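Below, each structure is written out as structure tokens.
Both complexes below contain subunit A, partnered by subunit B and then by subunit C.
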Partner chain A sequence: MRESGRRILAVAANTFLEAVRQKVFAVMLIFALVLLGGANYFAEFSFQEQFKFLKDLGYATISLTGLLVGLLGAAQLIPAEIERRTILTALCRPLRRWEFVVGKYLGLVFLLGTMLAIMAAGFWAVLRWKEAQLVGAEGTEAAMIQAIQAEARDARLWQAFWLVSAKLFVISAIAVFFSTLATSTTFVVAMTLMVYLIGHLQSVAREQWLESGEKVGWILQAFLAGVAFLIPDFNLYGLIDEIVAGNAVQWRATLEVMAYSVTYVFVLLAAAAWLFEGRDL
Partner chain B sequence: MSRTPSLVWGCLLILAWGACKLPWEIRMTRQQRMATVGFTGPTAVAVREKLGQGLVLAALGGFRGLAANALMLEAHAAWEEQQWVRVRSALELATLLQPRVALFWDLASWHLAWNAAVAAERYGGQSSETKRRIEARKWTEAGRELLERGTKAIPEKSLLFQRLGDLYWQRLEDYQAAAACYQEALTKGDAPPYLERFVGYALEKAGDSAGALAYFRRLRLSMGNPPDPARKPEIVDREIERLQSQAQGSSGKNHR
Partner chain C sequence: MSPAVLTQSLRKEFKLGWGRGRVLAVEALSLEVKRGEVFGLLGPNGSGKSTAMKMILGLLRPTSGRAEVCGFRAGTLAARKQIGFLPENPYFPAFLSGAELISYYGRLCGMGGTRLQDRVQELLSLVRLGGEKGRRPLRTYSKGMLQRAGLAGALVSDPEIIMLDEPTAGVDPAGSREIRDLIRELKQRGKTVIFSSHLLEQVEDVADRVIILHRGQKLREGRLEDLLTQTTEWQVRARGLGEDRRKELHAWLVKQGAEVMEEGSPRERLEDFFLRSLPEEERR
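Our next item is the complex of A and B:
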């Protein structure tokens, strides 16, 4: 078990270092930081609107960059190794296939985690910058300063950050799952994006299938059931919007969505490892 | 290892997980909905509404906030150009995309019931004043409808009930309705302290001076002893005194 862990960590470290060397991820990170900084320039509006714009743009930037990193990173993990034949060298060593899959995923998680941490620090800095600007421009009253600080230092933003991260880790696991099946990166990117989009409609399909009581044909029923069974419900992460809107969200609800994400990642990795075991290389 | 058993096991695992996750997802969705909109659903209307939102959502891939902000910016630009129909459609869509953002409902109703209505009344193309007033009333009603929907979307916050009260007071001159809205806002727990006095002012403005006096007395009693200075007990005392002397004056007149 310990040996297994060591091998998984070696694959993860190697994957992480390989990804860090690729310029595309650095460019993405710079682009994201520029976008986050640019979000500060909505100065024509009330301070509540400015913070709303800033938070929305901040989370959208983090989500979009994370999505691209997860997609491109995972898409290159296994198909590129197979294409370059380097996978054969790796698997010649005492390394099991499931260890290879888990190690690759963990490497991707390290990369994503590092980028998310840098973007979160950038976002935090922009929020404090906005706070200083607004306090300088409008804050003559104590109540106004307090209101501005409450918006900028809202602890609930951490809840939203953890939810964004959990969502991105699930998307990366989906991409890893497809990369164990695929031979091309385009297939992985296309399939993962499709699941990502359908995932935002999964709850609608599920409710239409189980709870609406409407009579529909069996083909449609089977389709709705398939979507409900196979696709994750990305609407559960809608709590992020609630937090940005300034509404209270319980930590219990956040933790439950995170537990759901972790379980989903485990299942996807187990299925990916199983599929990869039987794959001809 | 042969490919078929692994593939079968992989697929079986996903299906088994699907069967396990469904009840979990249903429970979490219900809990989240209960916490945010106060019902567990789905009702027929909720399903239909969600379908509309869901389709937009799928196209946007979860970046609803960004799209809603873009619409607010478009509404802002249209407002600067006084293009009220464009303002309205952009705002309606923004509130559809993010119905839980109180700020959007507030801004949208302000644009329609105040800006668009006043523009129609003062600078509308109609030469007849009656027609201009009818046009203004239409915009005010549009703002009111929007706020009514907003209060249903965010029933746990006071802001939109307060704004609805302001609209009834300032735009529709229906002071009884304004008092009812302020009272509803006060039940939410996050209303500003001055709002509790506005109920009394609205009742008086509606012609119910006795009701206003009774309300201010109840309010003063609810402040306890010693009262919280933030609730301005001295203003309430002054109002009670004023309404009492008014009542005595009018009863004296009636007696004579």
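Our next item is the complex of A and C:
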């Protein structure tokens, strides 16, 4: 068990190191930080609107950058190793295939986690910067200062951050799943984006269908049930928008979505490992 | 004691997909490699050498038949613990340095701590990649250096069997000689070496036994001595014979009823001559 953990960590550390030494991820991170910092210069509205804009743009930047990192990172994980044949020199060693898949995923999670943490720190710094600007402006009253501080130091933003992270980890697990089947990175990116879109649309489609009261055959019912079971419902992460809009979201609801995410990650990784086990290299 | 490698009726077919049929890569391959032996896999491109190696390593699943490594079913963790593998081309993560590569492979074998660090340094010295060379990224290495780094990676866990797929392909004569010397050294240490090569002279130099494959099937197998010795002919190399004596010897042989097939001064092998021409420090 200890040896197994050591092997998984070795694969994860190597995956992380490879990503860190690739300039593309560093460039993406710098771009995201510049975007976050630049958002602070939009100062033509009321302070509430300014914070709303900052939070909208901040979470959009973090989500989009995380999505690109997750997609590109996962797409490169296994297909690129097969293409370069470096996988042969790893899997000919006493390393189980599921250990390889889990190690690769963990490496990607380390990378995503690090980038998310840096972006979150940047976002926090921008919010505090905005707070200092607004509080330091002439004629700011004590009540207004309190309101500004409440906006800038809103603890609910942490909830949103955990939810964004969970969503990105699920998307990465989907990409890892496809990467165990694929021989090209394009296939992985295309399939993951497709699942991402279906995951966003499926609950909307289901609601529309239920509201219409239309009767459908058992084949279509089974198909829709299958889609609902196999594809994560990304609308559950709509809680992020609620938080950014300033609405209260209970921690219980957040934790439920986190548990849902962890379950999906486990199922996807188990399926990926099972499929990869029988694959000729 | 179980043999180092045993295969029985090994067969591998590849599906081409979309109903395009199948390709037969290896058929009815049965072989036995004894422990401590240097075993050569010979054959033209597409003869099934790499496929056979991959099945022994567990990277490919046989369509039928079975393979064992030191008594363990091929592909199992226990079997893979017995093997160190150097692939045909330097398929290594180019972003790592030589030292990091060996360390990574060591950790994949479950090694760690100071034992691994010491082993990495020992192997870097063995393959002459110590010091600054070992800290450079692999993408700056020459083909020969990559092969040496890969060889160190194959040896990191001190496996019982070392499998080398075309270890001297694309390597200059000095590097090639070095790899052959290393194979001999591994044999002296009691290791089993299985390797494939197109360069038959090199195989002849180091292999105890060989197998010749063609279109996935075994054509010949045996000890080099048995396969290559022509028992109906006799060869003598002598020094100090003058022109007259040579003529006398020739006449005597004819008188004895022998057919003299070849006569003359022997030629040095080009590789030996080339290596001898290089400065001392370049030969290693």
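Criterion: the second predicted complex is superposed on the first by the 261 of 281 C-alpha atoms of A that agree within 3 Å, B and C clash if a C-alpha of one lies under 4 Å from a C-alpha of the other, contacts with A are read in each partner's own complex, and residues count from 1 in each chain.
As a working rule, contacts are C-beta pairs under 8 Å (C-beta built on N, C-alpha and C of every residue); 3 or more make two chains touch, one makes a residue touch a chain.
Remember, it's a predicted structure, so these values are computed and weren't measured experimentally.
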With the two structures laid over each other on chain A, which partner does A:204 touch: subunit B (first), subunit C (second), both, or neither?
first
On the superposed three-chain arrangement, identify whether subunit B or subunit C touches more subunit A residues.
B
Subunit B versus subunit C as contact partner of A:52, first or second or both or neither
first
If we overlay the two complexes on their shared chain A, which of subunit B and subunit C does A:84 touch? Say first, second, both or neither.
second
With the two complexes superposed on chain A, say which partner A:92 touches: subunit B (first), subunit C (second), both, or neither.
second
So in the superposed three-chain picture, is A:156 touching just subunit B, just subunit C, both, or none of them (first/second/both/neither)?
neither
Return first, second, both or neither, reflecting whether A:21 touches subunit B, subunit C, both chains, or no partner chain.
second
With the two structures laid over each other on chain A, which partner does A:280 touch: subunit B (first), subunit C (second), both, or neither?
both
Touch test for A:11: subunit B only (first), subunit C only (second), both, or neither?
second
Residues on subunit A touched by both subunit B and subunit C 278, 280
Spell out the residues on subunit A that touch subunit B in their complex, using ranges where they run on.
44-45, 48-49, 52-53, 55-57, 59-60, 63-64, 196-198, 200-204, 206-208, 210-212, 228-230, 232-239, 241-242, 244-247, 249-250, 253, 256-257, 260, 263-264, 267, 270-272, 274-275, 277-280
Once bound in the complex, which stretches of subunit B touch subunit A?
1-7, 9-11, 13-15, 17-19, 21-22, 24-26, 28-29, 31-32, 35-36, 41-42, 44, 47, 50-51, 54-55, 57-59, 61-66, 68-69, 72, 76, 98, 100-103, 107, 154, 156-157
Can you list the residues on subunit C that touch subunit A in the complex?
14, 54, 57-61, 77, 80-81, 83, 85, 87, 89, 91-93, 95-96, 104-105, 107-110, 112, 150, 153, 157
In the complex, the residues of subunit A that touch subunit C are 3, 6-7, 9-11, 14, 17-18, 21-22, 84-86, 88-96, 278, 280-281
